[in-house]
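Scrolling down, you'll hit the structures one after another.
Two complexes are shown next, each including chain A; its partner changes from chain B in the first to chain C in the second.
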Partner chain A sequence: MATAENATFDSVDDLDDEQREAVKDLLLRLADDELVIAERYTEWQVRAPTLESDISLANIAQDELGHARLWYDVVETFGYDETDLIWERDADDFRHSTLVELPFEEGDWADAVVRSYLYDVAEDIQLRALEDSTYAPIRDRVGKVLGEEDYHLEFAESWLEHLAADDEGHEKLQSALDRLYPYALTLFEPSDEDIEETIVELGLRDEELVGMRDEWHDRVSSYLESIGLEVPGLDLPEQYDVHVSPDLLPEHVGRDGDHTDDWEALLDEMTHSYEELGRDYATHIMDDDE
Partner chain B sequence: MIWEVFRQEKAGGYHTHCGNVHAPDREMALLFAEVQHGRRKPTNSLWVAPQEEIGEVDTEDANFGGTTNKSYRFARTYNVEPAAEEVEASEKELTEAEEQRGEA
Partner chain C sequence: MSSEYERPERDEDDPMACGYTSYDTDGDVEYAEKESAENEVPATGKGAEGVERRVWEALYKVEDPEMPISIVDLGLIYGVEVDDDGTANVDMTLTYTGCPARDMLLNEVKQSVSAVDGVETAEITLVWSPGWTVEMVTEQGKESLREFGLSV
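== the complex of A and B ==
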């Protein structure tokens, strides 16, 4: 927990090696989630149920890519560039949760809606726990990101309510929820227990993963139950202060670098042109922000 | 269902019609309008209204005026040098009306 005696860090120069590792891990979790979910959302381009939904989801994807860039920019101050972080990074160095990398079930809009809802609630909780981060470059960016998140949640909730109102829609939502729920839990898994401990000790984030996960579960279940869906239970292990029991989690967690095969395929697709053109630098169509 | 969208650029200004969106209800119409009409241009507020709720009367049913010379309605008589702002505006309006009638 962040306390008054926590030092605050203005930049990378104020951090020792262990602290750098923790900040970098926290940032990559955020950035990689945003990048990969945005990439998946764009698969709905020209395929969403209505033109308006298509444009709205594309708009959300664009927001998430913008957020990914905000976080990657901070990682770059640690001595990396975009080629290291995206174009030439190994698939198993990515720290995103497996929720964001799964392909959508063919044509299943309910999957997109449920997934974005589960993700956006988690993102909201995570961002709020970073508002008082002891690392200034993180703290400074949270407001900008949160400002765009309300729309994402409103969009997802509005669609959930519409789909839940008819039998077929309800059935599709329930099946997407049952399939995605275990993957959503991986959002709150540590990349590494020791690094996670440092993140909390330094007050980089002022909530522990377990606490955020419980808050997420409560919020998600009370809303989803209000529209008639059944949310899987979150059975807590006897000892409260540990992560969820492994049987609740999917085979691949993602946070620890262990991803599904779908991720490797997606990364190949993302970097296809870069590879094909034999590039060794990232192309920018806009000047970097000052 | 089609919702007509009206955009207001600055507080106090008129909401001007800027297009429409397909949406099942008002809430979604607003969400869609936000993305399609409020994202690229400076926007202070958006209205949506169901298309079927909008009343219309057009030239087939009505004589709207502006087709005959109504110069007596414009403030030209009090012309002094330099022209008062109001007179200048009125002059401009008159000239425009004449142009639109094809008289100028």
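== the complex of A and C ==
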């Protein structure tokens, strides 16, 4: 908890190296999640089931990009620029959860709906835990970001209820939930145990990951069960220092830099134009004759 | 009754974003005292003097890229301070974090403020707290937005 015992930090100049690493990690988790989920959402443009849902999801993507930019702005005060943070960063230096990088099951709108729901509940919980952050640049941005989040959940819930009302829709939701739930748990994985400890000790965030994960699980289960879906079980850890039963987590959690192959492909696609702009060779329209 | 600062002048024949709307920019509405908030934001430059006054005059001339309203009336400016060495510090916000016109608008503010007599350099700082809401629009600004067709 951020108590009187915690020092507060106005800017990067108030941080020593270890503290700086913790703030940076916390910011990259937030920023990278937003950037990557926005990039995936945009794949639905001109493909969503209705005109309204198409525009809504595009707008949600724009919101998330705006939030990513707010967090990256703070990381830039640590001496980085956009090139370092996005265009030329190695795939395994990104700190987002693997939930946001997975491709959608082809044409499966239920995947987009379930994923955005699981993500937005988690985001709400994470942002609220930052409202009293001891790092002023984080604290000062949370209110604006939260103010732009409310309708994301309304959108997801309205589609969940709509799809759950019919057998085929229900089946698709359940299948998306079964597939995505383990990946959603990675939202609450630490990037590194020591850094996570520092984040909490300094009061940068006033809840531990495990507490947020439990709150998230309670919220999503009670809602999803109310519309007739079955939520996979969560084995509560018996030992304090174990975050999640290891057999529930997917192979790659993302937070620690270990991503799925889909991330590398997505990053290549995202940075393709950037790479091409720096080209020093002529574009070949056709293969040369051998 | 006239307002303390001038807004951009409009020619009736100028093409406008909404062709059917007529715009009255005589500016005979006194902009409101901001009763909003903690920290006295947004700021409107009321009673400013000297170089700072000229900075405010320049800021009132900068318009939102999408709507016919000065960014000051829109409530984006949170503070102006000019140091003795001629550095003008402008704190401002944006209505929306995902604003696609962010760089354009910041650049325009920087250019306009830099060009003010007595200003050597302009430092523009984006701030997000308190977050902008429609309540921050001045009375004159609300009037402009209503004429533009928005319900505020």
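What we mean here is this: the second predicted complex is superposed on the first by the 276 of 290 C-alpha atoms of A that agree within 3 Å, B and C clash if a C-alpha of one lies under 4 Å from a C-alpha of the other, contacts with A are read in each partner's own complex, and residues count from 1 in each chain.
Here, a residue touches a chain if its C-beta (ideal position, glycine included) is under 8 Å from a C-beta of that chain, and two chains touch if they have at least 3 such contacts.
Being a predicted model, the structure only gives us computed values, none of them experimental.
More residues of chain A lie in touch with C than with the remaining chain of the pair chain B and chain C.
Touch criterion met: A:Glu148 reaches chain C, while chain B stays clear of it. Once the two complexes are laid over each other on the shared chain, residue contacts for A:Tyr274 go to neither chain B nor chain C. Of the two partner chains, neither chain B nor chain C is touched by A:Tyr223. Applying the stated contact rule after C-alpha superposition, one finds that A:Leu51 touches chain B and leaves chain C untouched. By the document's definition of touching, of the two partners only chain C reaches A:Asp140; chain B does not. In the superposition on chain A, A:Tyr80 contacts neither chain B nor chain C.
Shared-chain residue A:Phe104: touches no atom of chain B or chain C.
Shared-chain residue A:Arg69: touches chain C; no touch with chain B. In the three-chain superposition model, chain A touches chain B and chain C at no common residue. Here chain A touches chain B in the complex through residues 50-53, 55-56, 59, 151, 154-155, 158, 162, going by the rule given at the top. Considering their complex, residues 21-24, 27-28, 31-32, 34-36, 39 of chain B touch chain A. Interface of chain A with chain C (complex): residues 62-63, 65-67, 69-70, 73, 139-141, 143-145, 147-148.
Those residues of chain C lying in contact with chain A across their complex are 96-100, 102, 126-133.
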